[in-house]
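Chain naming follows the written order as A, B, C and D, and within any one chain the residues start at number 1.
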């Protein structure tokens, strides 16, 4: 019953010519289609009406609640996580932030009325770095629980994977089931992927502040899209450092205090290679911004 | 408490120069990094040890159980779903297949011993088309339930979204809880995304055959990765037709018979625009292949 | 290779005596164990240390954000959904509420610092009824996304099933990605189960009010736990009407306005049998209470 | 805006009388409703048409693929996990099995054509015990990924919680992506709950056998349903040892060999208290049975 067709009937037409044809494509030529694409949309999947795509064209509006902790990993581990083109920031070796955010997204008009599409939770790490002498933040790892968010992230250079992220919530009512948003209030946040707990934090609020400590530097990412053609696996089609352009960045209800943070090891993950040696401030607050642009470095 | 920073403190360095710098990047130059990347891996996220990436470099081995139905949608709907560069196949207007597959993947050695990573379920539609006169199959829509599969798919040009896909299973034991793999045996398969049922099928087996009807033509996909820089939203970084190279394609236990198929409408989806006008054979069987290459058309 | 053991080797000891032994158990005797149970805990699973149980003993503290709509279904459908012992309330035939709640739970000390355990979302229907002439609310259907919540619910008589429930969130920051908690603010909520959308609502806020309209009557549930012994499938071990005791009930930030509501049909569900004929007020607000008791009617 | 109603307006009718009324209910009287219940169904939720319940009345047919390992934990830990009424089996102290099963269920006619309802995965532990001198198997812990399975389990006394369970699959085709069902074939299985890995096993097949080692003794469970009325939290409504009646038990394709097994600690879990000191045979095979009865001990 078993048939080993080995490219024969089906694949004969192209089997022998794969490399030759791929090699004949001039580098970058695919970036300028000669004929306009009749399918519509921004990301996968392009489609006749242009509504099926995971992410439509910007602008993209975000609002969220963040819980996080400042930390220092080993300077060697932090340096090893930087892509070519970024250097360690000697001002504060090994310094970074672990941030959990519950987001709500709006791409066009009132997407927040479609909560399964517009809501998602995120965990990311940011590490101090320098780009041509400018202090920047580099995101080595990030997880979300929504494929539309993953698609928008990949376009920005955020290397998103799927995970399960939850943080303690505050409510507009005094209850034994919620912490106070005030001195002594405690919030936790956790992230799991592949059925394994990978990160967990607890933050105790102490005092208000102007803004979240974690977003004081421009974010630099690495946009990357590999090639699959034989011989091209090490020659990505897109590989470029980017700097995020966060328009209309706002903060509210920001508190800082103390925190605890753990990264837990797992196969197929390198987050725990950045394990905290010590922690700085913990924080919690709301933030909002709009994305409509990306600077290519 | 709310602060509207509007690019000021944080983003001043790059705000004014975004467009100019982006425009000064020669098209395609990013495809050939001057300095080799020190981070390792194939897809997001690149990392120091190269084990965190969603998908490592090929080769990629697959084995799966498929349930599906041949169908005809309106020739106009089928033609509208084709990207620039593909034409309708006049031999069989509106003809295609809806296929549900329970996959197990192995990228290197024994990944099948990590079932949450290696197993996933998939639903895809294939439509007859022509590329420069060659009969091909075009995949307008596809869903999976595993982010590593999504990453491998995007690299191949499969426009994967996340969904929930389940099919009736056969077991090596005679039981009232499972269908017979034989004449009269009935198998169902369903796909939901965003909490909405989008596709459902039932197949009744009648007779064995050599191979799955759905994979008789080369698969043509559209590799696509957009740009986010202002003014470039309509100018993707990658936009190229591809032809899949499925090595060592094998089939086993293939049965065909009759089938039923429904596509259900939903916001943010266009699958139901391809709603079946009539159905042909239903089928069920196992298949296996290896991916190590991709032909760029 | 296949062995049909048909109770033989394994089950011989008890096969012939099943009914006899079951019948010899005096009704209700099982409710008073002669010897104290050495395993600890409140719900399944009882265990040596008593920490593995899904739900520990009360008290149980809850705080949540609710979005909902008042509606009228057909009086016949509403009456048909009442258990024996409850009567339709002639004051307002067919009247009820559909409510979506994002909950945070605290059973003992600071469970809210374990968000995957303590957080869950819920959708429930409440219908006007009378118990011995007293106006009450009956909950025919309810879904949650957390098994600990399901366990607590079953003990209270809430007939919880697992589903996926999401509602639009408000944030402490003015953003295009969130509605205003104020006049004109719009919130949506949706529920899916088994991969099918079952309920959806949109609410537009107009004015503040003292309390959520949906919780103005005592909740009556039906505690029910069936028997599996042959001949006893229609003779449940527990089958009793209950009245919830919600201690320290508080409301905050309650707004009412207009709403839309749809129930969508699905196999294995009867929610759409209660389809709204017309809707009344929409509402959104926060609530909090403690459960430590249950009245058996 | 915040209102502390503290049982007043809403709850006045019953607040003072809760204990008295509960106490006046004769024990066991609730098991025999004076008037037949007009709602239909077997488990929650009872409903007008009787199709909404998670689990309909038996008979219940099951077929599945199992992967598992024999192990010995400390005799003290095994003994501590037994409920009152069961004793350790002195023949083999600390002996038990860890079993992962991918199930397909059929309650009535062709439920296997509804895969999201009928399919689920399970992990359970079985420990040797004695009931009045009879060798039995006791299930201290069990997880499933389907609420209908949870409901059927609770009725049988299986203390099911929700988890995520996956096992390596075999396919009817020779592929690098699947193990051989034969000597040297390796299968893994894993279980996570609450985002934490709790159990993992790998089995290497060596030789065929007649039946799965894990199901050679009658299964004894503890049916348990607590009371919530104040003062009754330690007096469950149902608390009775049961013996499963597995009709028409069949095995197929059963292989045994070697295995590895780990239980991983987590808050809110006691599985790792049963951590394996050594392992015996590993096994893999298919099984099928029907449930229509339960013996109350």
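Just so it is clear, contacts are C-beta pairs under 8 Å (C-beta built on N, C-alpha and C of every residue); 3 or more make two chains touch, one makes a residue touch a chain.
Just so it is clear, the model here is predicted, and its values are computed rather than measured.
Here C-D and A-C were compared by C-beta pairs in contact; the pair with more is C-D. Distance from the chain A centre to the chain C centre is 36 Å, each centre being the mean of its Cα atoms.
Inter-chain centre distance (chain B to chain C, centres taken as mean C-alpha positions): 39 Å. Distance from the chain C centre to the chain D centre is 23 Å, each centre being the mean of its Cα atoms.
Contacts with at least two other chains are made by residues 2, 114, 116, 164, 173-174, 190, 192, 195, 250-253 of chain A.
Contact topology of the protein chains: fully connected, every pair of chains touching.
Chain A makes touch with chain B in their complex at residues 1-7, 9-11, 13-15, 17-18, 21-22, 25-33, 35-39, 42-49, 51-52, 54, 57-58, 77, 80-85, 114, 116-117, 134, 140-142, 147, 150, 154-156, 159-162, 194-195, 208, 210-211, 215-218, 222-230, 233, 235-240, 242-243, 245-254, 267-271, 273, 291-297. For chain D in complex with chain A, the touching residues are 2, 164, 173-174, 190, 192, 195-197.
Across the complex, chain A is touched by residues 61-65, 102, 104-106, 110-116, 118-119, 164, 166-169, 171-179, 186-190, 192, 202, 250-253, 286-288, 290 of chain C.
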